[in-house]
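The following pair of complexes shares a single chain, subunit A, combined with subunit B in the former and subunit C in the latter.
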Partner chain A sequence: MLAFELTVQGLVQGSIYALIAVGLTLVYGLLRILHVAHAGLFTLGGYFGVLITNATGSLPLAILVAMVVVGVLGILVYRLCYQPILDQPPYVALIASIGLFIAMEEIYRLVFGPFGISYTDAPLTDTVTLATLNLKQGEILTMVGTVVLIGGLAVFAGRTRMGAAWRATVTDPAMAESFGIDVIKVRYLNFFIGSALAAAAGVLVALLNNLVEPTMGSVPSYKALAIIVLGGLGDVRGTLIAALALGVIESFGTIYLGTILDRDAIAFAFLIIVLMIRPQGLFGRA
Partner chain B sequence: MEYTVTLLILMGISIILALSLNLITGYCGQISLGHAAFYGAGAYCAAMMTKAGIPFGVALLAGTALAGALGVIVGLASLRVRHDFLAITTMGVGFLFLGVVRKQDWLGGEMGIFAIPDPGLSKTAYMVLVLVLAALVAAFSLYLKRTWMGFAFDAIADDEDTARMVGIDVPRYKLTAFAMGTALAGLAGGLYAHDIKYIGPDSFSFIESITILSMVVIGGIGSVPGVIFAAAALSVLPQWLQFIAEYKLLLYGGLLFAVMRFSPGGLAGMARGMAARARAGGAP
Partner chain C sequence: MFAWKHSVAAIAVAVAMAAGSAAADVKIGINVPLTGFAAADGKSALTGAQLAAEEANAAGGINGEKVELVVYDDQASPKESAPIATKLTAQDKVVAGISGSYSGATRAAAGVYQAAGTPFISAYAVHPDITRAGDFVFRTSFVGEVQGRAGAKLIGGMLGKKRVVMITLQNDFGKSLAAGFREAAGKFGITVVAEYPYSIKDRQFGPIVSKVKADKPEAIYASGYFFTAGPLVSQLRAAGIDVPVIGQEGYDSEKFIEIAGKAAEGVIITTSLDRDSDKAETKHFIAAFEKKAGYKADMVAASGHTAMKVLIEAMRKAGTTDKKAIRDAIAAAKVEASTGTISFNGLGEVRKDVQVQVVKDGAWHHHSVISDPDLLAPPSK
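After this line comes the complex of A and B, so read on.
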């Protein structure tokens, strides 16, 4: 039964990874930028989640506001930070993004304090028993929320005109533009959706840990980079599979490899092994 | 006086470290986000050896050699993956190093290694040793630039496929760059361990890798004077001005971002731009 419990715990963690990594892989697919500062927006989502829930008592409202505000900030990050350096070699945007991320963490520390904040009355902490499995309501919300958000994204990308324009731009920006698609608008949309998903992940992590702290984005940030590389950089389906797989591998790894490797290194050990065998990632095409 | 000596030691170590990454990232164009792992490997190796009673000089060389050997292994990865993939792989190496060290009781685990033996030099003599080594590394960097190998590095950094096409043995030069750069990082690690007398996993975290990278990038990727200047300034300023120490990471992060956003050539690029404008006779 342990195996089943570990798998479910892994899927909860994997859902969070998926929400963060999808935004990253969307940005990479469109602009070839490794957007490290994405995790800074994830942290900010967590802060909004806790602050708004504490102020109004409504978690759904907090999730909604966090997603919209952080989504708009995502657009601003693109407009002010990335757009002017798109024609530089790729490492320029990567290093700028790392710098931005570190600065963001420091700003959170200065603004919100170094020790983090919690829900005054933490919602959804009751335990639900499914057969032999004990799950917190927050964990169920995490999994359901991830399915709803990613499912919604799939419907949007697959069934709407805007979604079609988006996919066309990712496949061939020049061709899309010549068909009258406003490529800049697509980029804004891309950053809005990716950042909003990260914000949702931030609120959910805040719920699971009942804590938001300035550095809570660090580990997910680097791990999400590993995930999108495993998923084949820019491939949404590969990223989702890699995120869930990594969540499960980690939860087993902590039990069986815990004495030789710490949890956060498992992801990178897995990453390095995969890249040495398949340099284009698990699901990438050569 | 004592305080100045401490600062100069710290500065010398930072210069060696930044120049070592400059060989890999600046000269050969291979981005590395895990340089602190080699710095750490050298530090741990040297510290364990002097604790076991082996003389300081031997331990320092052994740390250098171990870091260089690990660097060749990671260099092999750079033959498999490129650009963004390499950046993430080297970042992974950094986390893997930390993840392994944290769990090894014989390396002190989370607590790190305390009471590293004194190298048997006075503080001032140690400073002279560090500064001489830093000067040697700088001289070596400048010399390398003028050799055939420096040219080959340049060609690889510029365009790997073209370099291959004109007959440059790309894998060999990449491995050489990694071996030299990481070995020098190991040297810096051994010097650091015997200066501070304490090392732990947190001394070699991802933030440390980024700190080293920011010295290279802010100074100007590939520019020896620029990198030396940035390493000296960024290592000493937070110590000098206490109010900067509080905001050290904000400063590093902000500068890193600002330099990339507004002047990707770093300080060296800015200086070149200004010199060119001055030569043009003040014309805009």
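After this line comes the complex of A and C, so read on.
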């Protein structure tokens, strides 16, 4: 029974990882940029979630506004930070991204204060009991929300013209452009979707912890990189599986390996082991 | 036009000279984390120390001279605090220093202060090695082990709970608390059923909570800070675990109650600040801090204030800015401060009572006081 509870807890954590890492792998797939500042947008989503919920009392509104506003900010990050340096070697964009991320953390501290913020009346804290399993409503929303958002993304990418244009651009930008696809628009779309998903993750984490701090993104900033490497860089399906697998492995590892390795070390031990066996990632093709 | 330029130059020189004479103020250095993960504690510690300095200046300063705080941000990192301590002692020529930072940063700074023969007081860092840097280093807060032993007495002796699960933060603070708790556990009939470590970055405790639920303890001894303990306690309660949770001074902030909400009710901690104190000094501090900071006083704020006050009192007694004389005055101190009556043992460790606080109706309140000089004896070498 404990194993079942640990698995469920791992899936909750894995859902959060998935929402963050998908945006990151999308950006990498399209532009070959390791978008570290993505984790800063995730934190901002958390701030919007708490502030808007506290001001209006509506969590759904907070999620919606956080996703749209952070999505647009994601586009701005691309337009103002990455686009001017796209012709530089990849490490230039990486350095810019790390710098932007550190700046974002300090801006949040200056604007929102160092203590972090909490919901004044935290929503979805009631417990739902399924047999011996107690889950907070927020944890259920995390898992269901992730399935809905990622499912929606899959439908969008697979069933709409815009989705087809997007996939075509990721596969072969030059060819897509010659077929009349507006590559710039696709990039904007890509950043909007990825950032909006990260914002949703931020609101959900705020719900689970009832705490949003300036440094909330520091662990996801590097752990999400490990996840997209595991999933095979740019591979959305692989990233999702890697995120959920890592959540569950960490969950068991915390209990059974906790005295040897802390939770973050488990992620990287897993990464090293996988890369030794499959250098192309869990699902990448050699 | 030419004459005007000359008069400006004259004024500039005069201002520079005035600034030069103002620099005759007594300089006290302080390293605090003002950015990074520990910025919240840094803000409280600094505001507490500033309050003590302002109070001293309003009362005529130290033997007629004003106190000037020289502040540097150490990001709670030893990489930052060691150069800062060098700068403070060698360049800013402070007569004494305070650490408003965590153990790692404080340990690194302590060695530099000792080498420079400059008195140094740690406000709330817990690692035992800090005062071992030498005879110029003091601490006005409990070492982790002392507070861990107090926790064992609270759980086993006062609450009568014997089957305990430990949830331990993996840093100097959590590890030294755990060591002290285990050391005294047997004396109070406590069996430690299991111990789960976690990292300071963790906010999601789902797996640990599931396992603790299966362990069915009578009480939980969980080390941490308000930003880890808030989520931890709310997750424990959400999982239906309703046994007492015992924390320490790291929980001691209004923010803990804000984060954990209803789940915070009944949580008991060992700390240094008694909210319901009837001592004039403590009451005055609690009111003055809230007025200055705009939020309620916490343990870190009271500790910053206490360290500064002890230093100022010692400098008044010494009657000189001679560092050796100030050191001797600190060593002989007996000062009424917001965290109790402060005096030091031969190693420079504080001797004072442990305050036990409980969350009731959404606020910290008096629970009890642990006054047991043998159990609470700090290390002496």
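Just so it is clear, the second predicted complex is superposed on the first by the 286 of 286 C-alpha atoms of A that agree within 3 Å, B and C clash if a C-alpha of one lies under 4 Å from a C-alpha of the other, contacts with A are read in each partner's own complex, and residues count from 1 in each chain.
The rule is short, and it goes like this: a residue touches a chain if its C-beta (ideal position, glycine included) is under 8 Å from a C-beta of that chain, and two chains touch if they have at least 3 such contacts.
All values reported here derive from a predicted model rather than from experimental measurement.
Student: Is A:Ala226 in contact with subunit B, with subunit C, with both, or with neither (first, second, both, neither)?
Tutor: first
Student: Just checking: does A:Val12 make contact with subunit B only, subunit C only, both, or neither of them? Give me first, second, both or neither.
Tutor: It touches subunit C, and subunit B stays clear.
Student: Is A:Met276 in contact with subunit B, with subunit C, with both, or with neither (first, second, both, neither)?
Tutor: first
Student: Give one of first, second, both or neither to describe whether A:Phe268 is in contact with subunit B, with subunit C, with both, or with none.
Tutor: Touch partner of A:Phe268: subunit B, not subunit C.
Student: With the two structures laid over each other on chain A, which partner does A:Leu2 touch: subunit B (first), subunit C (second), both, or neither?
Tutor: second
Student: Contacts for A:Ile52 in the overlay, against subunit B (first) and subunit C (second): which applies, first, second, both or neither?
Tutor: neither
Student: In the superposed arrangement, does A:Ile63 touch subunit B (first), subunit C (second), both or neither?
Tutor: A:Ile63 contacts neither subunit B nor subunit C.
Student: Touch check for A:Leu211: first (subunit B), second (subunit C), both, or neither?
Tutor: second
Student: For A:Ala243, is the partner it touches subunit B (first), subunit C (second), both, or none of the two (neither)?
Tutor: Touch partners of A:Ala243: none, neither subunit B nor subunit C.
Student: Determine where on subunit A the residues touched by subunit B overlap those touched by subunit C, and list them.
Tutor: 106, 218, 258-259, 262, 264
Student: With touch defined as at the start, can you tell me which subunit C residues reach subunit A in the complex?
Tutor: For subunit C paired with subunit A, touching residues are 34-37, 39-40, 42-43, 170, 196-199, 201-204, 206-211, 213-214, 227, 230-231, 234-235, 238-240, 255, 258-261.
Student: Touching residues of subunit B toward subunit A in the complex: what are they?
Tutor: 31, 33, 77, 80-81, 83-85, 87-89, 91-93, 95-96, 98-100, 102-103, 206-207, 210, 213-214, 217, 247, 249-250, 252-261, 264
Student: Along subunit A, where are the residues that touch subunit B in the complex?
Tutor: These residues of subunit A touch subunit B: 28, 32, 34, 81, 84-85, 88-96, 98-107, 110, 218, 222, 225-226, 229, 233, 258-262, 264-269, 271-272, 275-276, 279.
Student: Under the touch definition given earlier, write down the residues of subunit A that touch subunit C in their complex.
Tutor: 1-2, 5-6, 9-10, 12-13, 106, 109, 114-116, 118, 122, 125, 127, 129, 134, 136, 139, 205, 208-211, 213-216, 218-219, 250-252, 254-255, 258-259, 262-264
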